[in-house]
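Just so it is clear, A, B, C and D label the chains in written order, and each chain counts residues from 1 on its own.
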Amino acid sequence: MEQILANGVYLGSQYAMIALGLTLIFALMNVLNFAHGQMYVIGGFVTYTFYGQWGVPFILALVMSCVTLAILGALIERFLFAPVIKGSAREESTMLLAAGIAFFLDAVILLFFGEKQRGVPKIVDGVFNYDFRLIMPYDRILICVLAILSIVAFIGLMQYTKTGRALRALAQDRTAAQLMGVNVDRYSMIGFALGAMLAGLVGGLLVTITGVNLGMGGPTSIKAFMMVMIGGAGVISGAIWGGIILGFMEAIGLALLYQYGDITYLLIFVSLMIFLAIRPQGLMGKPWG
Amino acid sequence: MFGFTSKQLSGVAIFLFAIFIGVPLLIGLTGRWDFYFTLTSVALLAIASAGVWLTFYIGRINIGQGAFALIGAYVSAILVVKVGWSFWISLPAAGLFAALVAVLIGLPILRLRGVYFAMITLVLTQVVTLTALALPITNGAKGISNIPLPSGVSIFGIPLLPDFAGMENTKLAFYYTACILMIITYATLYRLVNSRLGHLCRSMQQNEELASSIGVNISYIRIVIFAISSFFGGIGGAMFGSIAQSVYPSSFQVADSVNFMLNCFLGGLGFVFGPMLGTLVLYFGWDLLFEFGKYQMLIYSTVLILIIRFLPNGLLSIRFGKGGDK
Amino acid sequence: MTPLLQVKNVTKKYGGLTANNDISFDVAENEILSVIGPNGAGKSTLFKMIASFTPTTAGEVIYQGERISNLKPHIVARKGVVRTFQETTIFKSMTVHESVVVAQHLRAKASLAGYFWGSKAAQEDVRAFGKYADELLEFLGMSEISSEQASNLPQGSLRALGIAIGLATDPKVLLLDEPFAGMNHDETMNMVKLVRSVRDERGVTVMLVEHDMPAVMNISDRIVVLNFGEKIAEGTPSEIQNNEKVIEAYLGSVDDEIGM
Amino acid sequence: MQRRTLMKAALTAVSLIALQATSALAENPVLKIGFVGVTSGPAASWGISNQRSMETRAAWINETGGYEIGDTTYDIEIVSFDDQKDPKRAIAGMEKMAQEGIHYVVGPNVDDGAAAVRPVAESNGIMYFPYAFPKSLYEAPASNAVLGMVANYQSGPAIYKYLMEEKGVKTVAFIAANESDPLSQRDGGVAAATALGLEVVSDNVTYQVDTTDFTPVLTPVMRSRPDLLVLSGVSPANAPQLIRSARELGFQGVISTETAQDSGVLTEGAGDLANGFISVGGASTPELASPMMNEFVDRYTKMFGEYNDESNTKVYALEYILETLKADPTALTDVDAFQATMDTFEAPNPYMNGDATLRYVGMSSFGQKRQVAVPLVVNVYQDGKFETLFVAEVD
């Protein structure tokens, strides 16, 4: 039982962080960013390169991941998404752009970082073992704490800073925000950069535990979509809840259903579909996003 | 007939001539026999994409077509291998079964809109793949292989369809079959869109509330359209199973569902023939870039990004200028 | 004579909030009845329930002896009770003419399959729809904008288009949601004339929800007044103008909402 | 208008470059060998290790003057097609190979792709060397597929038997990704273990390939306290994480897999926790690697920056194709001749010390010789590199 809870918290916190960036971008620009997973992977590879290869301190490497992704996100928004949104008759067309960017980033990752699974030295050694009832390596505990701290910092940023307020206004109602004097173009870019940065940050954090390889991008995006849907699209608290719920669903599902083996995930997905069919706006979302 | 203008009719005639005579001639001249399979794939994927386009037409982003293609492929394979049906009977059966599944699943999920519908259909693709892995009738992870080629069909001794197994060159036979199916699909689609059902769909796409206020039974039409869409998916999938002579849970997966959707976007959502062109460009484009080796993906994605950056309403919007016809 | 439409003890609750409480009134054939009241009085909710866009919590709506509440909107529309919308709810990328043609689909004689194959009946229908659309648009004075894309229309024409779409379904009862909102005096008077001719020349019973008092007084045969979800008065325009409760309700709310 | 002209210009430029890329080659006649497999996306490492080992070997041959078959010396050109792990693309790839006039193709890397290309390969006279295990590919009436490595149902029993005898292993647990290939391999492994008299204590726990935390996945497996944990069909990306989680959960027994792994990946991903991990490799350990193998590794590293141990097993397919063609030059265009030669073909194994030979096997598994005889080298990971545990032979 303790183990399930601990696994749930650990998974939930990292999932929530992945979902946060995605939902932020969705809330601001109504873009379902298919390339989110690839951004996460790039974040992982940047930290790998700095920390794992060049021996830069871990925290500094993390910062480099954040900076790289923020710049990448800002460029992508400025030169690709913004003009496409302006010129498109239906805003769903951005899905094609997002998918194109996902393919592109995959290709870039392959060329720059290669096809192999990469990992970095452990940041902390040792395993916390409470009577074999609760086993959790220290590095996971540390990453979990860091993830939670980042989430708290992000919420703080959104609640108490001028940027955060502007972003929230933008997410609520684009036109109204514009009327209130928010520089919509500028904050869209900042928001996108922030979302991409979050992806990079999680990538950098998790590379210490799971390592990173170019194949993780697509599946990560899809998982993030699910979390966002569970919580409600475009809602910050929804993304956090969605992450935590999916984390616990996996932890509990795997613990209870393991004897059914192959169908554990089938059941998770089916229950997700049933949940969405009954409550299409997710836990916290406004109907129809 | 059907109220076509002479310009449209000649366009259709040229198109038919091109795919049934022009392409084989060109392939014969250049010796690029491999293009038969590529073009067959394009035709079949275009059929499935037509279904996705149709759900777009009622304002739903469908990322679940891979699921129905997989269902179609399995139904046909099981009917042929385990029940011993002729492939030609299993083909419509596969489409119908996919449509039936679509009705059952559509009832609860078609109420959803926007990204919510998109996501639930994406999850559906995963569910069907995992179901195929878990079920005994689909042979689980081992898939169904060694599916026989389509057998001949004759009525009163007059051969209607030839026996593929006895053929020297099944490529051409599959190419013609796929093209005929594609033409039927798009003719159907064209008629559908330009008939009353199409107008009702368009009214729903633009405003479901207003549509129901003028007496449109929106839930019924949603189901009908989703069923037709999935029928196309099932047909495309079944045909593919027959060409590959094997079906695996991974024959159609999330990536395929996403690709079907992208085909529609790329071609242009406002144009009936958009998905056909989108499929051709996306699928054939990959093949053409084969020469670039490890830069294939890089160039492919760059071109894709450039297209959407400069033609955000799809390739066909070049002809009609910005804003298109809808 | 039995009334054409009866609202019987209709109540609507959203969670703990009561939007409409025990409202009853009748609508006679061929009359123009307005529902008025300050903001948040529950007028729109009432309309939604009559057109079955939302179910009632209690009570029912009877039309020609049949219950029409708690059904599906399209079924109610098929029976002849059709609503228009408060906002600019239109088919954005259709032309005016197309919109009116689509809205006639209930009158179709051919089946969907018949349309697909292009049967005789369907071709007949298509011709009839086009002709009727032309007539209707001329009647509404919209002939010259008939091939205009709806999203390009000015606000006044949009409202007229909403009514055109509603009328094209051949309704017995037309529910107009704020047809005069945002119009200047001249536009409003044109619209009043239009609504009246809809009733007079097409025999359509009209119910409308409105803020614009002068227009309402001008157009209505009878008026129902709601306040905080309750019906507080019902009667002819002159009766309503002199009703204590109504005056109080309106004075108690924000002045500019009276629209005078 | 301008836009259209621009696009036309771009297209022309692109096709010109493409033409040049294909026409620039040396004086010797060129022998094209194909590769159809996955070199992008999640499973890229499988195909890339294949493709690169082929390209390394081809470049080496060409640099040293070419490869002599019959009276002609050929330059070897590798034509690769990325099937994106999609069976539909794999068919297109095989068609492309037929188009290029290629009769010998390495790949595809997965079950569904290998099954899907069969009709094309057989009708176009292409011999192909998949890295996929379904027996139906190699048993009659299938004729053109040659298993390019040791199948798990062959290596599994050897490993289990060794562990039973040497380490006293009595109970075994299996864990596999929820995908066709790993699940099939797991089923094969379970059958083999049962046949050997091992007690299978857990065989139905699966994980999604995109799992980032294996602790919840492994917890129930660990509760069954197996002596041996088999990671069926594990991808090199997942292996270190699984090992790490299992060890962190306190698992003391042996962990093994029947697929090839990369020591660098294990070092980075699991460090010392991977010590004792048993996998199947080629002949690259110092005691077995011939000078030629070492040179191959050197050249590979020089060409691509980094070696991948998965290539130890993947170096063979090309060698087999070329050696067999050398033994019967008529097979260059005649696949039937190739198949006939396969029954009797034998040549020394250049990559391994000792008197190992290249020959075709598979009689006991498939009833016909449709498998390359790669030495079944079972490795154990220790402190950053593989050591040979034992070497066995497949018939």
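As a convention for this text, a residue touches a chain if its C-beta (ideal position, glycine included) is under 8 Å from a C-beta of that chain, and two chains touch if they have at least 3 such contacts.
In this text the structure is predicted, and so the values were computed from the model without any measurement.
Common neighbours of subunit C and subunit D, listed by label, are B. Chain centres computed from CA atoms place C at the largest separation from subunit A.
The most centrally placed chain, judged by C-alpha centroids, is B. For this pair, subunit B with subunit D, the centres built from the Cα atoms lie 34 Å apart.
We define each chain's centre as the mean of its Cα atoms; on that basis subunit A and subunit C are separated by 47 Å.
Counting partner chains per residue, subunit C shows two or more touched chains at no residue at all.
In subunit A, the residues that touch at least two other chains are 106-107, 110, 218, 222, 262, 265. The set of subunit D residues that touch two or more partner chains comprises 39-40, 178, 183. Contact between chains, using the touch rule, shows up for A-B, A-D, B-C, B-D.
Taken together, the subunit C residues at the contact with subunit B in this complex read 51, 53, 72-74, 77-78, 82-85, 89-94, 98, 101-103, 105-106, 108, 110, 112, 115-118, 122, 125, 165-166, 168-169.
Residues 3-4, 14, 18, 21-22, 39-40, 80-82, 84-89, 91-92, 95-96, 98-99, 110-112, 115-116, 118-120, 123, 134, 136, 178-184, 187 of subunit D touch subunit B in their complex.
Listing the residues of subunit A that touch subunit D in their complex gives 3-4, 7, 10-11, 14, 52, 106-107, 110, 114-122, 127, 129, 132, 135-137, 206, 209-211, 213-216, 218-220, 222-223, 250-251, 254-255, 258-262, 264-265.
On the subunit D side of its complex with subunit A, the touching residues are 39-45, 48-49, 178, 183, 203-206, 208-210, 212-213, 215-217, 219-221, 236-237, 240-241, 248-250, 262, 264-265, 268-271, 305-306, 308. Those residues of subunit B that touch subunit D in the complex are listed here as 32-34, 36-38, 41, 130, 133, 140-143, 145-146, 149, 170, 240, 243-246, 248-251, 255-256, 286-287, 290-294, 296-297, 299, 310, 318.
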